[in-house]
Amino acid sequence: MSKPRAHTGGDGLGDLIGLEYLDTSPEEVRARIAVTDDVRQPAGLVHGGVYAAIAESICSAATWLAVHEDGMAAMGQSNNATFLRPITEGHVNAVARPRHRGRTTWVWDVEITDDRDRIAALIRMTVAVRPV
Amino acid sequence: MSKPRAHTGGDGLGDLIGLEYLDTSPEEVRARIAVTDDVRQPAGLVHGGVYAAIAESICSAATWLAVHEDGMAAMGQSNNATFLRPITEGHVNAVARPRHRGRTTWVWDVEITDDRDRIAALIRMTVAVRPV
Amino acid sequence: MSKPRAHTGGDGLGDLIGLEYLDTSPEEVRARIAVTDDVRQPAGLVHGGVYAAIAESICSAATWLAVHEDGMAAMGQSNNATFLRPITEGHVNAVARPRHRGRTTWVWDVEITDDRDRIAALIRMTVAVRPV
Amino acid sequence: MSKPRAHTGGDGLGDLIGLEYLDTSPEEVRARIAVTDDVRQPAGLVHGGVYAAIAESICSAATWLAVHEDGMAAMGQSNNATFLRPITEGHVNAVARPRHRGRTTWVWDVEITDDRDRIAALIRMTVAVRPV
């Protein structure tokens, strides 16, 4: 599946890290990136900022998709990532699920796994919803 | 100033977003990136993942610099970013200060400002320190 | 069910707010408190610190139960609470589930609900595990 | 100094843990509690929920004081606590400083110290500001 055509511009950082959307439904968004040197930190592990960036991209885009027809914009308000286990190769796989769809904020939980389904990181994203 | 030559490899994501170290002392690390389309999200604002990535890079590198001669590694454990005001152009400027230098964790506060010194984001990073 | 007899002392703050354990298994801990004026803030809503305190008590106690026979102690390292909907009466119901059981840290997700099963708060707790 | 007479009711949890306001200015709020068994967890340390509760009380009250004359209410939106060093006796001392005073959210940094001025915890609070 192609990425949500949500905005006028492209997702610069998403494109830069090779973010690929796999599935987008109201209850779940799946996306992934392939691990290359571009997303590794100096010790060879996937850079923690990559997990945060993936969560930020997919939660903001999915919130925007759901609210923009009502004239609302969606913008990250907080991004809290906890790192549990490094990923060094294969893919960084992300699943985001909405936990709260409020009038002014949406809250998402994102699970990051490696290709053996082991949890690498957990991210809780709050996305602000505001009139354009 | 060049970036800390901390590890065998380069900082893939740091390089990708153009991270430039300005100053590194035990009490403070300053770094920045120039805003280009590569770090913008679809609405034209700097992508929230960029703030998280900068914090992750500089806090991990600075912790590593301080502990690696004792045979320790440094690795992000949590990265909590709060977004306050968008940046759309100029630079993303970061200052990181250590708040706690423990035996097993270091805690850093990172302030992100725009070129007019307005706070754009606050990040609290916990870096785990472990034997190599 | 009585609370985990984990330590030499009682759980002062847990007792103060009337924390009652309902069920403790390796996969899930359930607990609750009754809403009284003691746990309300000035506007009549349950005080946000109560949600954080419940999560702290049950995750620390449950981690301790699992690791103390190996000579380890458990101690809160971070407690990240997101508040979604106020509770004003009835009970504050908590379910905690472990998301990561590492050698040095355990990570828990806690859901707080009101008596109509609506989510009031989400808390992510990291508990440090260290030799006594 | 007495606590902010902010609302119609009392601060139940604040009163329960003995919260005492020392100083309230637009730039800083100082408060403390005395350590008793009521605020200890089973191992004898001050309960992590106490730090979160103090931060929640003082940041919400101080935000309310600043915005209520404009017909706005203040309500905790997130409370992120990082624990650095246990307190076992004396006082839990808190200083809260506003980092952002936005139209819809205020962000506060709270430092918790023991009586020897050592940092015990750092809390970042986001308080939502909404029309009553």
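In order of appearance the chains are A, B, C and D, and numbering begins at 1 in each one.
One rule holds for everything that comes next: a residue touches a chain if its C-beta (ideal position, glycine included) is under 8 Å from a C-beta of that chain, and two chains touch if they have at least 3 such contacts.
The model shown is predicted, which means the values in this text are computed figures rather than measured ones.
Undergrad: Between chain B and chain C, which partner chains are common?
TA: Both-contact set = A, D.
Undergrad: Compute the centre of every chain as the mean of its C-alpha atoms, then state which one is farthest from the centre of chain A.
TA: So the farthest one, by centre of C-alpha atoms, is D.
Undergrad: Any chance you could check whether B-D or C-D wins on number of contacting C-beta pairs?
TA: Between the chain pairs B-D and C-D, C-D carries more contacts.
Undergrad: Just curious, how far off is chain D from chain C if you go by their C-alpha centres, in Å?
TA: 19
Undergrad: If you average the CA atoms of chain B and of chain D, how many Å lie between those two points?
TA: From the centre of chain B to the centre of chain D is 28 Å.
Undergrad: For chain A, what residues touch not just one other chain but two or more?
TA: Answer for chain A, listing residues that touch two or more other chains: 77-78, 80, 82, 126.
Undergrad: Help me check something: in the complex, which residues belonging to chain C touch chain D?
TA: Its residues touching chain D are 6-17, 36-45, 47-50, 52-57, 60-61, 73, 75-83, 86.
Undergrad: Mind pulling up the chain B residues that touch chain D in the complex?
TA: 80, 82, 84-85, 99-100, 102, 107, 109, 119, 122, 124, 126
Undergrad: So in the complex, which bits of chain A are touching chain D?
TA: Against chain D, chain A makes touches at 77-78, 80, 104-105, 126, 128, 130.
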